[in-house]
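Following this message is one structure expressed as structure tokens.
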């Protein structure tokens, strides 16, 4: 069925497999008149690019160049749907036939087989993390739209990697270290932890935190489309995410009412599903990427278990590359809320 | 804007304020031919009913009787939309005028005001937990539908209340104690903790865990409508929820690939957004209910802070009443996935 | 499946069968702050009420009283979903068992059976024209919203009944004759034609025309959600409609470019799917109601043909009662377009 | 806002302007396992191709080659979204600057300007008929899907062009004459009429009829998503359409009940919005294309009227090229209904 569209007003539809000719996105609902800065979109894609050496990636030279096909005229959005295309550069580089009849552990392989009866097994096909490049491109458009409306600033970072936690949150350090940690010293320890995992043919995960300033009070809809519910949906739709919290998250479950009501940051900027004007704070738990070099036991299409080591390039830790994806999904949710807000009151002068 | 509908194929639309004449739900998408057991629907509503004494509720006699208005004929669903109505029995019982110009801390009051310019301030209006009764009624329909398809069993319980954690998961103990803990001994400690909070004019939260057995492999859609993303959306749309995890959740962020790939339960029954045939396990963090008897400082519509004690009946701990709401939302998501699954392959004989 | 919701931003969901306890509608997306005039809503329902004697109805005393259950506070919309309920007053008045095993010609009976395997056969169940009462109630809300935005005036009337055509369009005569013809003299001939049909145990149809003034240029969306496409969907969803045209309609098919481009009214106020600021004009062809007193041959569930005369009260001509339904659906489409328009440009000052 | 998606289960999203780098479509909801015949898709596009000489087109050599980017593996649909791309071959061939400040009569130019504040004025931009190529490509996928399910045959043809009507409906003559008339002799008269219009620097319209056999009884949903309502929406979303009828259409408005109930073809295969198992028949009125060579008076952005002759290649009559577009939209609606049908009953064995 159709699960390749996100959003109702700011609507993102994506397509593309890891090893097909191209991936792409259609953004429908971008209001007319937004300045479309192509360099910014490309720079966001570059942040997600494979080949982050500190994160334990083997170097790849994928460029992920985005081509805007429609919806932009003379540098501005026209109000019509924006088609974006990213060609896959090396789709024929590897023989995947060994994986054809195996279901890699921790991956969607078995689920796809059970669901559809067969699958494009090359590099994970549609379930590959590669599809998140389209989210980043669409999220860049959302950021451009939000910039036209308000001084909204979305900042995600690696709060924790492989059990090593940042001890401070310094925004200006985030993009200065390859792990996107808000604490350069912690970043060195994270890098060491990643190196350790690489030597063990292992992978590790972490926690991404995201802070959003500048969102006015009143965004988000009550009941089913609460802002935190939309964020939960958006963030949990990213492959490796296994947990999502807002504000104090699970700590709130151990607090008492008077404390939780009044502590700064406890609500994470969203109360009753509606932004309260404070900084929005959420966290996502990212599991270790399931692709590891170690020999693993995995089921085959023949019903037997097989010992197999997955070859090829693997990121030891995808957390630094998930950071821009999380920002992108947050931006897409906020763009949705920004547009929905225009319909909240009958008197347009209130907006 | 419109945020009162959840789902695309099994579509639930709700309406109603805490102190209006009635609340209700329309369920659209129920296939024809499902046996509609009215007693079961009512019994689910009774599980959510106010007046759980052990949970620190002052006794109320609200009956929450549901009336089925359409979509059922001769005991079976007809395939058309099912309207359900629950009258509010005591909507005139209290004077809420004191709250008219105050924004209660931890509540959606301020957000509603910022969003809409004014609000039905009586008992929280649309943001009251009372709307969850409609979710429970709709969830009961979803459970009846799922029962017709597969041996799916959804079981939620209070894993932790006020910092007291269940030390075992005994399904048969859950409905035997008023806290819905899967461990009767822990339930007693939880009750003591609640009593303590009541004496302090405080409230406390907890963690609800939900386990779902019987879901076949292959349910859930890749990319944006992953089963865990839909669950995250559904569970986070419940007012008091501040955290959601699947399987090992935040612990996965500290694991390594080979362990996370192979540990039973680590994935929580969902990989790449698709059910893998194993038990589905998720947790939700429930914050302490913000309504407490203590004097609190709260902003007024006049821009000043006011010290004020909110009168009236408050649950000290809503966790036991959230349990059936979480089951209901899980059932609604699964009903959606079950129907979506019918469109996954061209050959109907595969389903 | 779910086909009981219309609209995305101004979203109308209805439920209810002809002979169930009640019918109702939920309107989600009404902006906050619209004055809700209950008398106006009721007066719109009264226009649709059964018992139009001139139209050949046997007198019925159904009151169709609407109860607003939510979403309105102190006389204004709150921005939350508006639940509306209309009790069915005489659902037990007749024995429908004879129709249980027959499929009435021209009705949806056979389709429902083929689709769902069984059906609520009492009075047509969900396929009864009774469901249009909910559309009228929702349309009244849409009209109230539109009134808050712009001087939009929606006027439908019986252009033709039983082959008798109005020879002038005098708006002030429409509600002065029971046939809602814009020409009182033609109305008399229409009434005579209806009387003739009644004597023959027949029914007749007609053409409803609708004119809408005050819609600003720029409403409606290109490509799939053109304003005329939404109107076509809305009007064709009314049971008896078999044709829909905008402006010159089928006459345009015989015109040439220069004439069609420049003739006033040819475009019907919509070009390329977008309102051009001129009066919007459309027509709907209404077939003769299939319920007639004559003996007809109809298939039975037994696979045989049966000669049968359907008993009970039938409108000879439903056209006058379709008029307010068509206005309602037009209003719902315009409310949708009005809200969508708020998201068309990034600069809100342009709206 | 977002109006570039059609359908809920078989969901088609398109993008692209007449003179941008490319147009394209994403089809989401195609079940896995459908054989994807690329030659068939291309052949459908070729039927819509510009350069139909008999229809008064100046010859163009646009190839409209479609590239499938995703969702197909080893010749079969995988269940994931199918991206399709059609490059625009001659987007720089002409200087459109003269049209920048004029609003062509009968076109969407003025509407786009009023809506968005500015527009891509080159060749009509997003409002160009060029976008229908994407509909044809998506419709070809829908036809392939339908072929896997049932012996459904969709046949559209030019029933009337420039006032010349086909006097017989011979399916085997349709593709043998360039006007797609089901009557070769009438086709010659149509061609003469078109030649006449060309000499007059005029254009002409016509009526397309579409017949669909093989649709089982029971497809289509009651109330708002009636099959005829979806068809009306789909067909009216094609730029030049000004009228849509099912079965006897406006003639039904002049019939009486007993005749309309029993005449073959009167219902057009759809009763109460649900297919009845008979042939589905509908008609669409196509206005003369507004692009003509004659000098016309048209408003400018300066508020003045300007006499201007639009240069360039124009089809005198687009009806033959609309024929495959109408088939495509009908196929997309039927694909939606086919999938929806899978959710109509709880027992899958009934389907």
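Structural remarks
Going in written order, the chains are labelled A, B, C and D, and every chain counts its residues from 1.
We take it that a residue touches a chain if its C-beta (ideal position, glycine included) is under 8 Å from a C-beta of that chain, and two chains touch if they have at least 3 such contacts.
Just so it is clear, the structure is predicted and the values come from calculations on it, not from any experiment.
Here the chain-to-chain distance from chain A to chain C, counted in touching steps, is 1. Over half of the residue numbers found at the chain C and chain D interface occur in both copies, marking it as a same-residue contact. The greatest centre-to-centre gap from chain D, using C-alpha centroids, is found for B.
Computed from the mean C-alpha positions, the centre of chain B lies at a distance of 38 Å from the centre of chain C. With centres defined as mean CA coordinates, chain B is found 27 Å away from chain A. Mean C-alpha positions place chain B and chain D at a centre distance of 45 Å. Within chain B, the positions touching two or more other chains are listed as 1-5, 8-9, 14, 29, 32-33, 79-81, 115-117, 126, 222-223, 339, 343-345, 347.
Put simply, chain D touches chain B in their complex at residues 8-9, 29, 31-34, 77, 79-81, 145, 148-149, 222-223, 339, 342-348, 351. Chain contact summary for the complex, chain D toward chain C: residues 1-6, 14, 105-112, 114-117, 126-127, 131, 160, 162-163, 197, 200, 202-207, 216-226, 228-237, 239, 242-250, 252-258, 260-262, 267-268, 271-277, 285-292, 294, 296-297, 340-341, 343-345, 347, 350.
Contact residues on chain D toward chain A in their complex (touch as defined above): 1-5, 8-11, 13-17, 20-24, 26, 28-29, 32-33, 67, 69-71, 73-74, 76, 78-83, 85, 115-120, 125-126, 339.
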